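First chain A sits with chain B, and in the next complex the same chain sits with chain C.
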Partner chain A sequence: ALTTGNMAASSDRNPPPFPTAEESEPGLCDMADADSDEGEDIFVSNVGSRFGDTSNKLTCVFRFALSQSQKACIFFISQLTCIQEEEAKDSFDVDVAVTNPEKVGDGMNAYVAYKVSTRTSLPMFRSKVFSVRRRFSDFLGLYEKLSVKQSLHGCIIPLPPEKSVVGMTKVKVGMDDPSSVEFVERRRAALERYLQRVVSHPSLLQDPDVREFLEREDLPRAVNTQALSGAGFLKMINKASDAVNKMTIKMNESDTWFEDKFQEVENEEQQLRKLHVVVDSLVIHRKELCGNTAVFAKSLAMLGNSEDNTALSRALSQLAEVEDKMEQLHQEQAASDFFIFAELLGDYIRLLGAVRGCFDQRMRAWQRWQEAQSTLQKKREAEAKLLWANKPDKLQQAKEEITEWEARVTQYERDFDRIGMTVRKEVLRFEKEKAKDFKSQIIKYLEAMLQSQQRLIKFWEAFLPEAKAIA
Partner chain B sequence: MMQEGLDDGPDFLSEEDRGPRAVNVDLQTDAMLQVDISDALSERDKVKFTVHTKSTLPNFKQNEFSVVRQHEEFIWLHDSFVENEEYAGYIIPPAPPRPDFDASREKLQKLGEGEGSMTKEEFTKMKQELEAEYLAIFKKTVAMHEVFLCRVAAHPVLRKDLNFHVFLEYNQDLSVRGKNKKEKLEDFFKNVVKSADGVLVAGVKDVDDFFEHEKTFLLEYHNRVKDASAKSDRMIRSHKNAADDINRIASSLYTLGTQDSTDLCKFFLKVSELFEKTRKIEARIAADEDLKLADLLKYYLRESQAAKDLLYRRSRALVDYENANKALDKARAKNRDVLQAETSQQLCCHKFEKISESAKQELIDFKTRRVAAFRKNLVELAELELKHAKGNLQLLQGCLGILKGNT
Partner chain C sequence: MMEEVKETASVLSVHDDSIKVTEVLKEGDTLTFIIVSQKLSGTGEYHVDRTYEDFEWLQQHLFSQGDVPGIQGVIFPPLPAKPQVNASPRSIKQLGFLALGECQPYCKALETFLQQVAAHSILSKNKAVEVFLTSSDPPGRQKVKKNIFNRLSQAVEEMRKEGHKDVDEFFQNERDHNLILTGCTKTAAEKFLDVVATEQKIAVACGHFSTALHLCVEPGEDPDKQAFSRVCVKLSEVFESIKKNMTSVAENNVNTLGLGLDLESRYQEAEREMLFRRTCKLVELENAQRNVEKAKPVKKAAMEEVKKAAETEFEHTSGVAKQEIARFQGARVEMLQQALVGWCEKQLLTAKESADQFNQHLEVFRGMA
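What follows is the complex of A and B.
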């Protein structure tokens, strides 16, 4: 399977081990002949695990360096070939990680800075391994820039995590209490997933803003991030959907793929929302179970102290210890429920909203095309009138306008077709990513459960002889 | 072997053990007395227990017979023991708690109201859940009533009680109504007086080391058992809630899995199936913890109270004895009503000594019973926890094997 480096995903809360510059893959240097930008064989596949991941997620590495003409060439080819095949070539060797949250400053102006590390073999970056410090608003700023540019083409732009005034205020006060720690960790993990999705998107990776975000030492502060956050964008999408629904000219789809797919996306979003609610409930109940178990363990210890039969007293104390260990297990399980399962669902609910957004972009493109056509029609009618009225000056102008609008109509039609193709490609790519993501995360979740059970068995096996020893 | 009983609701009570009940043994006499509850019927707002007796005691007309009794009749029997002065020196087996289906009934009602807002599968599933819960509560209340009768039947003195025999044999309604408001108020005041008295009486230091130790011990033990019992209940309820959530997750995943026939959908279906099975095990764990741990603690809460009551009665008798002594001294000094004072003093002395003697044995037996019951239940708890954890582990390993194999 061809995968992008999933090094970030393989770590839970510990920052992934980063190789130092010396350790970086000797194998890649062997492909030095492909180093130039001059137009090479586009895809060089080199089988063999690179990036020394303990989890061995990466099995193939692709390197490519393209000139502008080659990019155009590829685009053209992609339109002819089956989109499914195109899918298989989308692999890039860029790994990003977001780690080391640190509070900067004091009081209400304090903020958290994260270390954003990149490991890559792509020549477009200044080096193979590098890192910068970024704050939350920088991530939002990146999203804003990308969405303005790329969504017009029908791309599915990954969404950054939500802003949280409450969460951040707590952190500004102090980063040490458990809820702040959880908040910062949640945010760090979400930012990492966000970046990972951005760099694994072939078009977005090419965007200079992305490169600047990863590389540039001092990034100018993003302004206007109040306006745009994930929720803000979703609101925009929903407004756009409404506008689309109110369109008077109904689109006549030559093939039902878009309608069907849109419906699918909406259904899935609804189902995931329902599931998310239940998982949230599980997290809460698990945390309650945690608290109640701890309290019970203490009570049991007290009872053991009162008990005047020695063996029973000891057994009760042991049982209290077992319950204490169970509390620990429940704690870990709740964290797993939340950080693996709930966050996965939350991410995809928002991403599905973004998918709906790009469908809407396509509708807008169609609308633009239709409006241009009707404007052209009007211009032609105007020309006809002028011909009849015999006004040569105005006629010249009218002819110019017609040419202009004819060009526009052609352009918009091409835009519409192109955006349609991109949307199809994007959706297929997204579905593939989604399937992969869900499978790997849920498997991780189940593996955590399995480990929990194994430890549980150990605890009770240790206790059983104590219980039997009661006399 | 792991599947047994998983699908048909908690039938743990059909196993040999049903909680801390004493084994029926033939005591000094050759007569055998065996009591159990062979059947029970739950009607609208009452439960009818079929009390079945097998006995070779000459007192009974037949060797084997059954009667139908309701909860109030059990309470009547218990109260008759408590009020009987002859039994002041024994730990009276605690009365079984009233059958309480209110919570369950409420849930079933809410489910009925919410029927429109869920899918048919969800509704059927929840209904089955609630029915299983109802059944579990029902089985528990039967067990607790049975334990009470068995304790009485095992007690060398109480088993001979006439009221007990009437309870077992008389096949008409005993016509014991529940206490009316006035009587409940009287009881309330009696308890207030008793606890105030208890404080006074507890202050009296006992000459006898054994009883002094027992008093201190029981006081502390009772309070801690009470605390542990309440907290175990809360913990188990959280566990049940979590299991319910897993149930809903399983349903939700199933819906997602049936949207399409892609790889991902098949994946969802497999995971849904796993969660279905897992949460059944989780529910069993909660039920077993309830039975082996929570019920054990609850029972010893009631028994330790009964033991405290015994100590109180003894202390009361001691105080009466000491007062009688003082009265006798006064009477002798004044040389008035001496005979009356002497008789009174002798009665008090006799009563006190009788209680002391049997109380000592009762308290020793209580300790033995308690240790045995805890041992049994804790061993069974550990074994069940292990069984379920291994079951869960097997499920997870199997499922993960399939899921990872396919990706």
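What follows is the complex of A and C.
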């Protein structure tokens, strides 16, 4: 059976629950101090040191040491007006991490449990730091619950990673081989990104199901997850899209914003898919390079062994070792390409699908409103007929129904407007997040590449004297 | 057209290390190589143009020097295989590293061949070398009559001779060692070629990614859309850099270690052929010795003559072979050292340049709003 210790050794990452010091927000601890209403401007320098760029000075304007209620008020206002640092502030309030995958049980009923850790300053949580154990189906269950909530319609609800029967079967058999290790790490990282997106969404963070997911010791097992298999999500969304397209009453948009945006979203999804294909092929070639480098290293070792000339023999053997180290580098490079770019693109392709889903929800809300209006119209016509026929008790019923449907029409119109506003806000927020997300991932990638090159330089510098010493 | 070249000794009038294959011209299916060499006396250069057939002509002349004592003991500098303009997959595989790039590796290999021939104490004396390097007219294309190298038509008995036990421990060791080294070197060269091929594929994929990113750039004044477009454009530049890096790495591999392993591999084959020729001479000698012993008194004197001739030839061949082997062992170590040092220095430079570039890109991204 696989223990935590093994996992730490075999997978690249079994990190402490929270990001490294440079990523963590020092502001959190200070928030507690600020409760004392001292009126000092204690956050400015912390914010500056975390982001280090001038645009965040805007946030500082809102971050005086205020009373809790004043802070809450400003927090709410900033949400509605979508200022740039809104998301930055959200991530200050809650931090989540998914770590320590452990196999539970044996045989075909085995599953992997992950540690979900939360660190927060928000009063709605019971404590500041806590963790629970969750399995994959729990994450799916969370999505299932959120996606059906009327109150969240129009919101871009992040998607959890997809089920994989093949991947999981291998893991059930044993978690030690490289492909299982890679599978589990890939899933762990994807689950973490999923949760991070959920908690950085202001509306979702307020949701009791999300809180329960993060806090509750024993979560009842999710049951409605059968539909969410393989490419299930996108299939679901595409089916909904088709239904919307088959709508008989076509919407007349006074504001072209929605049409234009929808088109943009569809185009972008296509572009990202193309990028994803290229990155996939890049990852395959990198892995191939690993294999070829290893084989070449072996052939060099054999050549070195067969060589009579001592200095040449030694140089060749050294070179074989250098090539072995390079294979390691190539492995890491492949992992970098994969985990940074391929997964990022995959996430966004699916998120764009979710965005399309929101637009569909708005259309359906509109449809519901239109249908209600048409029903109301029929009720009114029926009432008119009854007036002529002079049937007082039926008339009373008809009048009641009209009142009921008038209320519905008003309600549905409000729903439609509300969803429209939500969709607009969500899309803008999504675009901000996307630019930020890509930028931060690219920085990570470049840092890794730079490190790689520097190690490569060291290998070559170490080998050069060996090569020169041959003759 | 030159008249038939007589097998007379001559002195080469150019500096052997000045020989350069500077260009290759493509006309339809024909490749013509421009060869430049510096005159030994005074200043001035020879410029000649030669096709691959001309190289083969030269090689034939070198092979057919039957009157030079011990010529069979010479390790002949190996000529690269024939290049093709629209190469078949088999031809590409045969040429290995020499098929890569825009002919530079191949030209370098031809250059090395000529330099080695010109530097060889026995071979450089052949008039054909002088004619090849200095005559403005193309050398003759007549078939040369005697050719001691019919290895191509190696019958099964010939193959058996390769394993024939030697009378000299030095040569037996050399043969055994050569056999192992030939195999190892060939394998190493092949595997290195695989590495280079994959590096080229990665470069191409990076280029695709870079291009595809440009398609993600969206017009419009929306600040968030612009932010994302900027990210895409900058990332596209990053991958362009990665592509250049990979391409340089692959080129460095080919031009230094790749060429080195290729040359070593072909040279090991050349030594193997020389050792085989000597072994054949040994077999001949041993047969002649047996014939003398078996011969009837009438034939004995004639057989004795044949044996003496075989003995002389074998001794000459072995003498030259010993020299050649010593020279070869020194030269190959030097050549490999140069290849390894050159390779290491080039890759080090490329890695430093790449690190600088990545650093610059990183600064750009960190500074982006």
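One rule holds for everything that comes next: the second predicted complex is superposed on the first by the 376 of 471 C-alpha atoms of A that agree within 3 Å, B and C clash if a C-alpha of one lies under 4 Å from a C-alpha of the other, contacts with A are read in each partner's own complex, and residues count from 1 in each chain.
Criterion: contacts are C-beta pairs under 8 Å (C-beta built on N, C-alpha and C of every residue); 3 or more make two chains touch, one makes a residue touch a chain.
Note that this is a predicted model, so its numbers are computed, not measured.
On the superposed chain A, the positions of chain B and chain C overlap enough to count as a clash.
In the superposition on chain A, contact of A:439 is made with both chain B and chain C. After overlaying the two complexes on the shared chain, residue contacts for A:428 are found with chain C alone; chain B is out of touch.
In the superposed pair of complexes, A:275 makes contact with chain B and with chain C alike.
Of the two partner chains, neither chain B nor chain C is touched by A:402. When the two complexes are overlaid on their common chain A, residue A:129 makes contact with neither chain B nor chain C. By the document's definition of touching, both partners, chain B and chain C, reach A:471.
By the touch criterion defined above, A:463 reaches both chain B and chain C. Once the two complexes are overlaid on the shared chain, A:315 sits against chain B and chain C alike.
The superposed model shows chain B running into chain C at a single listed stretch; among 1-9, 91-99 or 109-117 it is 91-99. The interface of chain A with chain B overlaps its interface with chain C at residues 264, 268, 271-272, 274-275, 278-279, 281-282, 285-286, 288-289, 292-293, 295-296, 299-300, 302-303, 306-309, 311-312, 315, 319, 434-435, 438-439, 442-443, 446-447, 449-450, 453-454, 456-457, 460-461, 463-464, 467-468, 470-471. On chain C, the positions that touch chain A within their shared complex are 177, 180-181, 184-185, 187-188, 190-192, 194-195, 198-199, 201-202, 205-206, 208-209, 212-213, 215-216, 218, 222, 224-225, 227-228, 231, 234-235, 238, 242, 329, 333-334, 336-337, 340-341, 343-345, 347-348, 351-352, 354-355, 358-359, 361-362, 365-369. Across the complex, chain A is touched by residues 217, 220-221, 224-225, 227-228, 231-232, 234-235, 237-239, 241-242, 245-246, 248-249, 252-253, 255-256, 259-260, 262-264, 267, 271, 274, 367, 370-371, 374-375, 378-379, 381-383, 385-386, 389-390, 392-393, 396-397, 399-400, 403-404, 407 of chain B.
Those residues of chain A that touch chain B in the complex are listed here as 264, 267-268, 271-272, 274-275, 278-279, 281-282, 285-286, 288-289, 292-293, 295-296, 299-300, 302-303, 305-309, 311-312, 315-316, 319, 434-435, 438-439, 442-443, 446-447, 449-450, 453-454, 456-457, 460-461, 463-464, 467-468, 470-471.
For chain A in complex with chain C, the touching residues are 53, 55, 264, 268, 271-272, 274-275, 278-279, 281-282, 285-286, 288-289, 292-293, 295-296, 298-300, 302-303, 306-309, 311-312, 315, 319, 428, 431-432, 434-435, 438-439, 442-443, 446-447, 449-450, 453-454, 456-457, 460-461, 463-464, 467-468, 470-471.
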